[in-house]
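Next come two complexes, and both contain chain A; in the first it sits with chain B, in the second with chain C.
Moving on, here comes the complex of A and B:
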C-alpha cells in the first residue's frame, strides 16, 4: 500500500506541471494586462512599460513559464502582483477555512443523504421513496445564495443564534456548511439510492433473508457495505470540488476561502496568485482522490486484493 | 462493517451540531460582555468593507478603502479636513523660501510604530521612493529636490511654483515611511508609520486589524482596536450591522437602506459624495470626434431619469467637469438641456439624420445599468448603442490602448483641482480616457496651477470648465450619494466626501 501511495504522489509531478502550464497559458491569452491592474489609473505608458519590465512580462511566455517552473521546483510559488505577499503563505492563510467548510458541509450532506438514500431504496416506489426524492430535489433546486440568505435572516437576524458571516468563531461554520451541504445532499442521496437499489436485489441478500436474518441487518450490514463504493466516490469528488472553493457560499457568508481568493486574483490578473492557488488546490484535491482510493481497499476486500495482485502491497 | 461503526460517528456529529446551535447564543453574549473596557469605550470597533484592501504600501495604492487604513497607521506632513482646510500634520513649522522652495521642520519625538524616531531623512526617503511609484509619481512630478537641512528639517524645491503643493502633501499616498524599516528589510516595512494605530494582522480577503499605537505622539485614540472586515455581499453587510457583528457598514445597498433607517439602534449617514461618473468619448474614433454628434448626445441624455433608474434616485445630476468640492467647481454653466428635438437637429447637421451605431464599454453592475438606460435614451434619436460589458482588467487594457469608442467611467477627488484637471484632460495623461488633446487647455491648466491669487485661480478653473464643456469630450452624468450605516452610539467619525472617512477618534460609549 505504501508503494501505491508513493507511486500516486510521484504521478502528481506531471499533473502539477501540466496544470501550471495550462493556467499560465490561459492567463496569458486572457484579455487584460497585469501591469494595468498594478499601476494607478494615472500611470503613463512609460510607467506601465516599467512595471511590465519589472515583472518580466515583456519576456515571452516560454521564458516566463520556465522561470516560474524553476521557482516551483524549489518550492517557491512566487509573490502576488497585487498584495506583494508570498503566494504560498497567502494560500495557507485561506486554506484552513476552506478545509473546514469542505469537511463540515460533507458531514452535513452525508448525515442527510445516506439515511435518506437507504430509506428510499428500501421502500422503493412507495410514498417514502417519493418523499425522499422530493427532499433531494428541494436541496438541488434551492440556489446557494437564496438558502444562505434565508438561513442568515432566520438564525442570525431573527433568532440571534448564529453569526451571519466570517470565520470569527467555532459557530461561524454552521450556516455556510448547511448551505453548501444541502446542495450536495441531492446528488449524494440519489447516488446512495441507486447504489442500494443495485445491491438490494442481489441473490446473496435474498439468501440472507431466507436464512432469517432481520431486514435491518440485511440492509445495514450486508447491503450498505457493498453500496458504499459509489457513495465514497461521489463524496471524494464533491470534497475535492469544495477544496477548489465555493465562491457563492463564501461570498454570502464572507467566508475567507480559496474560491474568493482565486476569483479575485483572476479579476486582478494576479498570475502568480492564480497559478499558485490552482497548483495547491490540485495537490490537495489529488490527495483527497488518492485517499478515496485507499478507503476503497478498506471497504471492499476485492479491491484490496486487486491492489495486492498488482504488486502494490 | 459493523452497524455500530456507522451509527456512532453519525450520532456523535449530530450531537455536536445540535449542541453547537444550542450554545451559539450563549457564546456570542459572553463575547460581547468581554468587549466592554473599563474606560467605558467599546474595546473594538468592527467596520464592514464592501471591497478588499489590496495593499499595505501607501505608495502602492490610492483607493479610498486602502487610504482609510493608511490614515490610521501613517501620517502626512500636512493634514486636510473634510472641508479641505489645511493644517500642520507632522510638521512643527514650515516657511516658503520662495514661490518654489519650502523649508519644513518636523516635530521632535515622533516615533514610528517600530520605535525609531522620525527624522528629516525619512521625509527625503519617502519622496525619493515616491518618484518610482505610478501612484505617487504624478504627485511629486513638480518636486525638483528634497534635501535634509538638519535632523528635523527638509528643504523641498519645486521645478515650477504650485499652488496645490500643500494639498498634495496631505494625500495619504505621501505618508511618511520609515527608512530604517526598509533598510532592515522588515516584514511589512511599508505598514510602519507614525499614526495613532499600528497594524496588528492582515488576512487578505478576510480582515485587517489595527491596534492603538502606544508610542503615538499626538492625541491618543479612544478605541483599542479597529477591525475592517470584508463582507462583499451587500445584504450580508447590512445583516451583520443589524445583528451587531459589525458597528459600521460601508456602502449599504440602496434597497436595504430602509432596514437601517427603521432600526432605532442604527443610524444612517448620507452625504453627497465626490465621485463623478461620466460618459467619455474617444476623440480618436470616427463619429465620436464630431462635436455636433457629442452635443446631440448631451441633449438626449436625461440625467434625472438615469439617476432614478440606475441608482434608485441616490445621486445628483452632475453638470460640470470637476468633482464636487473642488476649487472653482461650478455646475451652473452646463449648456445642454434635455431636448430631443435639438438633439435630432444636431445629428442631422452632423450628417447622421438616421442616427448611427456605437459601442459603449462598461464594467460593473452599476455602470452596466447606466449603459442600458443610455441605450434606451439615445435610441430615441436613432443612436443604437451596443453595450460591451467587460471585466475590469480587460477594460483597463482596452482603455489604455484606446480601443474603445465610448466608455462610462468615474473619477473621484475631493480636494485637488489641478490633479483632477490634469489627469482627466491634459494631453497624454494616463487617465485621459477621451484621448483629448488641446494645447490651449494644457496652458490653461498650467496657468491655474501657478496663479497665486485664489480668486483668479478660481476663475481660471471656471474657464477650464467652460472650455471642456464646450469641447464636450465627456458628458458628466452624476455624483453618487455616500451612505454609511452605523451603530447609533458611534461617535467621532469624520465622514469624507471622497469616502476617506477619518476613523481615528471614533468611539462607542458603553
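Moving on, here comes the complex of A and C:
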C-alpha cells in the first residue's frame, strides 16, 4: 500500500515538470516587457537593460525555465512585479480561503446529490426521478457566476439576510459555497443515480431481498456501498476542479482566495504571480486526484488487493 | 438458429415480433436520429436551438448594429423593461433585447468554433496515438495528461492573457482547453476498431495509413466523438461567457452575454434586469444544447437500447 502511494508521488513529478513548462512557455508569449513593468517611468534604456540582466531575461527560454524549475523545487517562484512580494508566500496566504470554499461547496454538493441520486434511482422512471433529473439538468446548464449574482440579488439585496462579499463572518461562506456547489451537485446527482441504477438490479440484491432484508437496508447498506466507487471518482475529479474553478465565484463574492489573486494579477500583467499561481493550483489539484485514488482502496477491498500486489499501474 | 432464439425470447411478452417486417438497413446516423426523435427533451432543445440560430441570422432585419447596438445613448440610460424596450436599456442607453439577440451570434459562434478547433486537433492527435501506438502514442498521451491536469479555466485565462484579448483568441483558448477530452475519446474509439479484420485487409492490400485512418477507422468510431462534441459546445459557451465576464473574452462594446452580465453587475441594486436577462439567455442556450446532447448520448448507448 505504502509502495503504491510512493509510486504515485513519483509519478507526480513529470506532470509537475510538464505543467510548469507549458504554463511558463504560454506566459512567456504574453506581451509587455517585464523589465519595463518593474522600472520606474523615468528609467533610462541602460537601467532597463540592467534590470533585464538582473532578472536573467536576456537568457534564452530554456535557461530561464530551468532556473525557474530549480526555484519551484525550493518553493521559490520569483517575486511579484507589482507588490514585490514573494509569489510562493503570497499564494500560500491566499490558498486556505480557496480550500475552505472548495471544501464547503463540496459538502453542499454531497449532502444534496447523494440522497437525491439514490432517491431517483430507487424510484426509477417515476415523477420523483424525472423531476430531480430536470433540476439536475437546470443546475448543470446554469452558469454559476450568474447563479451567484441571483443569490446576491435575493439574499443580500432584497432580503438582507446574508453578506454579499468578502470573508468577514461565518455567514460569508454560505452564498459562495452554494454558488460553487450547484454545478457540481447537478453532476454528482447524475452520477449517483446512474451508479445506483447499475447496482440496484444485480443478483445479490435480489438475494438480500429474498432473505427478508428490509428495503431500506438493501438500499443503504448493500447497494450504496457498491455504488460508491463511481461517486468517489466524480467527487475527486470535481474537488480538483473546484480548486481551479473558483475563479468566477471568488470574483463575484470578493472572496480572498487564489482565483481572485489570479484575475487581479492578470489585470495588472503581473506575470510571475499568474505563472506561479497556476502551477501551484495544478499541483494541488493533481495531489487531490492522487488522494482519491488512494481512498478507493479503503472503500473497495478488491482495489486494495491490486495495489498491494502492485499489479495496478 | 437466431430466428428461433428471437421468437422464444419474445413469447409471453407484449412486444410483437418484428421479424416478419421487411428488414430496413439504416446507417448508424439514421438509427441515432430515429432514437433522438423519440425524445421529447431533444426536440425541445432542437427547437430552441433553431430559434436561436434564426434570431442570430436575422438580427440585422430588426436592428441596425452601429446605431442601436453599439452607439451610446445616454439620455435613455437604465430604463426598466417597457413596451419600447422589452428588456429595458443598459447603463449606456442601449436596448438590452437587441444586444442579447446580437449576443447569440458571439456565444454560438465561439462555442461552435472552439469545439471545431478542439475536434480537429483532438481527433487528429487521438487517431494518430491510437492507430500507431508505441512511442508516438506515449508522447501524445503524456502531453494530453499535462494539458488536462491544468484546471481548464486557468489554462484558458493563461492563453488569453498571452495572446491578448479578442474573440479569435477566446475561441483558440477554449478550443485548446477542450482538446484533451477529444484526444482521449478519439483514441479510445480508434483502439476499438483498429484490430478488426477490415482494417487488416486494407493494410494487406497496401492502403496508406492516413487513408486507412480517414476512410476506414474514423467513420466507424464517430459516435462517441459526436456526443462529446455536442455536450462540449454547451460547456464552451459557459466558459466563453465566464471569460468575457472576467474581461478576458469578447472585448466591449460588442454585445456578448458574459460581458453584458459583467457590465450589469455594477447596477445590481437598482437595475437587476441587466443581470437577469443575459444570464437567462446563457442558461436557455446551454440547456437546449444539453437536452439535445443527452438525447444523442442515450441514443448511442447500447445499454439503453430497448
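Quick note on the criterion: the second predicted complex is superposed on the first by the 277 of 313 C-alpha atoms of A that agree within 3 Å, B and C clash if a C-alpha of one lies under 4 Å from a C-alpha of the other, contacts with A are read in each partner's own complex, and residues count from 1 in each chain.
To be clear about the criterion, a residue touches a chain if its C-beta (ideal position, glycine included) is under 8 Å from a C-beta of that chain, and two chains touch if they have at least 3 such contacts.
Values in this document were obtained by computation on a predicted structure and should not be read as measured data.
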{"item": "Partner chain(s) touched by A:281 [first = chain B, second = chain C, both, neither]", "value": "second"}
{"item": "Chain B versus chain C as contact partner of A:267, first or second or both or neither", "value": "both"}
{"item": "Which of chain B and chain C A:299 touches, first, second, both or neither", "value": "first"}
{"item": "Which of chain B and chain C A:11 touches, first, second, both or neither", "value": "neither"}
{"item": "Which superposed partner A:39 touches (first chain B, second chain C, both, neither)", "value": "first"}
{"item": "Partner chain(s) touched by A:137 [first = chain B, second = chain C, both, neither]", "value": "second"}
{"item": "Touching partner for A:171 - first (chain B), second (chain C), both, neither", "value": "first"}
{"item": "Broader residue contact with chain A after superposition on the shared chain, chain B or chain C", "value": "B"}
{"item": "Touched partner set for A:149, first chain B, second chain C, both or neither", "value": "both"}
{"item": "First, second, both or neither for A:22, with chain B first and chain C second", "value": "second"}
{"item": "Chain A residues contacted in one complex by chain B, in the other by chain C", "value": "30-31, 149, 152-153, 157, 251-252, 267"}
{"item": "Parts of chain C lying in touch with chain A, wherever the complex brings them together", "value": "142-143, 145-147, 149-155, 157-159, 161-164, 234, 238, 241-242, 245-248, 258, 261, 265, 268-269, 272, 275-276, 278-279, 282-283, 286-287, 290-291, 294"}
{"item": "Complex contacts: residues of chain A adjacent to chain C", "value": "14-15, 18-19, 22-23, 26-31, 137-138, 140-143, 145-146, 149-150, 152-153, 157, 240-241, 243-245, 247-248, 251-252, 262-263, 266-267, 274, 278, 281-282, 285-286, 289"}
{"item": "Interface residues, chain B side, partner chain A - complex", "value": "1-3, 6, 10, 13-14, 17, 20-21, 23-25, 27-28, 31, 52, 54-57, 60, 62, 133-135, 137-138, 203-207, 229-233, 235-236, 239-240, 242-243, 245, 390-398, 400, 423, 428-431"}
{"item": "Residue ranges of chain A in contact with chain B within the complex", "value": "30-34, 36-37, 39-45, 47-48, 51, 82-85, 90, 93-94, 97, 107-108, 110-111, 149, 152-153, 156-157, 159-171, 174, 217, 220-221, 224-225, 228, 251-254, 256, 260-261, 264, 267-269, 299"}
